[in-house]
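Down below are the structures I want you to see.
You will see chain A twice below: alongside chain B first, and alongside chain C after that.
Right after this comes the complex of A and B.
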């Protein structure tokens, strides 16, 4: 068994995995247990209440809405982040592109800009009365009257997703571009000799070489985005009227506005289950392709 | 086999990452177990006769004036050193965690409703014994501040700052619309706001975000119309009452004369718009004064007391900040000395950016015109504390969440007030 672990390389990562798991295991179990206890700031000790808090949660329209919002926020963000990052990486990898180092540095600016500063800048850009986005769109004749980007229930979530895309696509770009540089030139030349066109080379040579990076980066982005709420907190506070309230924001409000740690713990457990489910489904769907 | 190991590792990594997500969501008590108390090694007990160091937290807007106050303190109390740390706005979550974990500083500057909440939770030290020992006259302080700081008969904080809302108005815009005096009733406000709305100038600046700003605006309107958020003994919601519905409708009516960015605007955004001459009137506190003058020294503006409705007696919210001692403090005697010092009228006058806990205007406003300062000073007599109930912060959040529905989805004032009433009732249970 030990030999197998040694051969697989698991021994190298095991200490790190164990350390991280141990540091997290206590709060995790505590949170899961607290989901079954009535536990507010004002109670001397938590009181066991069975599954009543989960019942309350699933009767709460705001919580149910936050699940939908979380899925839209996560998959919307990851879709655009990956799409933009992937396309930009492919373009940047082309030999005809000059000044790659400068372009890379410029493209990294959103990623290295602190989220809270990015939020403040975007909030003013989105401002319905004096924002530059309305100014540009109306100057180009795209919109007739100023839009309320962050307070229109129909578009507020997409406005915040756009900011999250701006922030994180450079990370995807960086990962995929690094992966593209490792694609074998010999294989590409062989494919050309075999008569493959651009799409054939991409499908049979490039994609198999970068697929693993794409899968793991996408998984990372899904997990990070499920848990992220900085932009939402700073730009909309979950509003208007809960329309951008994702689960992480809901949990924050229950814990730090209502001081109800029991409900917040139960909601955290649901978020945990959701993220595990999404991660496992994703891993299942990609496992064979990764194997190939 | 290699494939199985690889897959297992992938699963493990995914699970580990998901665990990370959970840890971020764990409750305050969860963190309590994983963090150790702040090191106290540099503190020496008073009994030993050696210098004592106490820690103090306040908002970062106080940082600029702190050195002046600290210099006076050091002169008067060479044996007690203060380590001050200044937090970002609305840091009540950080305060709560620190108090719960036992890592809080000895002395905290708290907004009045935080004193209510933390006092209710037993996280602050009662001050009654110290007050009695030093024969301190707490009646010198504004009544509303004492009310907000008193929970179940125990006093948890002494105020060094008090203020209430007034209406700021742009004299030039009102004059151009044919009004030489500010409106005195909410009906008049609607008329003046309509007349002042022209092009990119708006009649009224409402808050549409930031639960603290939003709820203060709504509750001020509600109280000055004869209503309140809870019944007289604070046991039931009054947010479904006729006056509450009427106030929600007033909010909605005024939204027609507010900038399109209404739901994105907090107090600071309104102040910026007012300073740049884009809105004619808005409700705020005297703390906006210096920023408005700094942004636009030529702005021709004045203040007036909050309008009323339904013939009701004027009633607004007493806002303010108190200094409190953490229950976990190991240097309560020294902390008490600092609490007394900071709430002392001559010190508070330097430290506060509004009025002192004894309702004296801050030293920094000595040179401001009377037409601005006097309404702010006069308004204090009508200001009362928010109800000293556990979930006051949650109720204020519910006000914003539900009235946003009315403003963003064209929901009726009745329906939004009904939902708000239900949410408040739930929070009171």
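Right after this comes the complex of A and C.
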């Protein structure tokens, strides 16, 4: 038996399998099961309660609001991250641009800066009275009076999205720029000789070779943003008036502030289902790409 | 013909200037928060609130750094972060080397399932696993230990590590190990003596990736660490900022101290880092 395991190579993956089982599979299954149990700090043992937690959850206005907030947060962030990353990749890729390595390194700084540090610095820059952002914007005449960027319910979400965009666009830029390097030069030259214009070349030569990377990076970004927690926790804690309370934040608050682990588990299951849906699309698309 | 060529070069120059202008603007936006952090960290409290603000203060001071470094809580947090990060990097590398090698060289039952489970593993929200993990750790009496934080971080780093390394090992020719085995090496011996030296760039990129994740991990540390005994830097910074709500100079100095090691490693190894991410994250 032991020898059989050894020969099959399964022994090599055993430590990884055990770790993954303990820190991922077990917690995940536990969460999914706990969604059907009443489980607060005040109960001695969890009590089975069917789908009543889910009923309660979908009657909770704050939870429903958190779904909307999650969608705004995710699609808002990814839209700007991708837009900026994509355009900057095309700009940086132009052959005449000098010092590409240095530019890449400088642009990567936001991405390697720990999120909690990014939050602290931006919080200071957003400061209503002495923040540099109010100073710059009012000197440029963009705003008339100082704004409270993180505590105004109308703009708080967009202020945090701006920080998330700042942090993540370098990643997209890098991925797209790397795939632009794989675009065939011969095809491009042939298209130029045939008299194609810039847009024609982009549509018929460049896009087909970078499309797969664009799709998969976007989906990866969607998954990461759905799960992101640090920026919102550190900058607004879900406020003002639940306006930035995304699902991850909602779950955290129910579990570790209200100690209602049952409802938090049910909400986790909903968030998990959402991420899995996106992940399946991602897997489907990357598999397609490997097939090519 | 000549005329046309001339107009083309002229628009080219205009476009080149535009390109550099856009690049400069975006680089400035990307780097400015770091500059502002450093600038605030060397200002006296009285200068932090100056309007108009200055990038380089009239009387630069290291007082904020002294303030942070002599704060015993911050120092303990620094030590905790180092213990946890180093352990996570070493364990992740060991486990990922073995599993990556197993996945790239052998076909066993559950081979495909494991690969997909790892891919999905990268996508499970950490907030979904923190609640049960908290209970598990509390029940086994491991709450507020370095071990529990290290274990939790592995959930984030192992899936990515295994995926990156297995795709890396696939590029190492099998013939090399076979030759080593004929010369009397065992399977594991061949892995460590022949494959790993060739796979060095892959190992470095996994190590950097793991390091950055473990160093900045926030959610697990926030819940699994309950005292200064295990508190890591990100949590300490968050609390520090709360404690000295008005002292932005010290907060920025503390931030700079946390960001510095990451930036240093990134700047010295960015070659490996960029390539590893492109191979691991998107190709899967």
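Please note the rule applied: the second predicted complex is superposed on the first by the 252 of 292 C-alpha atoms of A that agree within 3 Å, B and C clash if a C-alpha of one lies under 4 Å from a C-alpha of the other, contacts with A are read in each partner's own complex, and residues count from 1 in each chain.
Keep this in mind: a residue touches a chain if its C-beta (ideal position, glycine included) is under 8 Å from a C-beta of that chain, and two chains touch if they have at least 3 such contacts.
In this text the structure is predicted, and so the values were computed from the model without any measurement.
Of the two partner chains placed by the overlay, chain B and chain C both lie in contact with A:10. Touch criterion met: A:258 reaches chain B, while chain C stays clear of it.
Once chain A of one complex is fitted onto chain A of the other, the partner contacts of A:151 are limited to chain B, with no touch recorded for chain C.
After overlaying the two complexes on the shared chain, residue contacts for A:104 are found with chain C alone; chain B is out of touch. By the touch criterion defined above, A:239 reaches chain B but does not reach chain C.
By the touch criterion stated above, A:279 is placed in contact with chain B and with chain C alike. Looking at the shared chain after the overlay, A:211 reaches neither chain B nor chain C. In the superposition on chain A, A:268 makes contact with both chain B and chain C. Residue contacts after overlaying the shared chain place A:170 against chain C, while chain B stays out of touching range. In the superposition on the C-alpha atoms of chain A, the part of chain A touched by chain B in one complex and by chain C in the other spans residues 8, 10, 13, 17, 20, 24-28, 30-31, 34, 123, 127, 129-130, 220, 223, 226-227, 248, 251, 255-256, 261, 264-265, 268, 271-272, 275-276, 279, 283. In the complex of the two chains, the chain A residues touching chain C come out as 8-13, 15-17, 19-20, 22-28, 30-31, 34, 84, 88, 91-92, 94, 96-97, 103-110, 112-118, 120-125, 127, 129-130, 132, 135, 139, 166, 170-171, 174-175, 178, 213, 216-217, 220, 223, 226-227, 229-230, 233-234, 248, 251-252, 255-256, 261, 264-265, 268, 271-272, 275-276, 278-279, 282-283, 286.
Residues of chain A that touch chain B in their complex: 4-5, 7-8, 10, 13, 17, 20-21, 24-28, 30-32, 34, 39-42, 46, 62, 123, 126-131, 146, 148, 150-153, 219-220, 223, 226-227, 236-243, 248, 251, 253, 255-259, 261, 264-265, 267-269, 271-272, 275-276, 279-280, 283, 287, 291.
Chain C meets chain A in the complex at residues 16, 19-20, 22-23, 26-27, 29-31, 33-34, 36-37, 40, 48-49, 51-53, 94-96, 98-99, 101-103, 105-110, 114, 116-121, 123-133, 135-136, 151-152, 154-155, 158-159, 162, 212, 215-216, 218-219, 223, 234, 237-238, 241, 248, 251-252, 255, 258-259, 262-263, 266-267, 270, 274, 277-278, 281-284. Within the complex formed with chain A, the chain B residues making contact are 1-3, 5-7, 9-31, 33-34, 92-93, 96, 100, 117, 120-121, 123, 200, 208-211, 259-264, 273, 278, 390-391, 393-394, 397, 400-402, 404-405, 407-409, 427.
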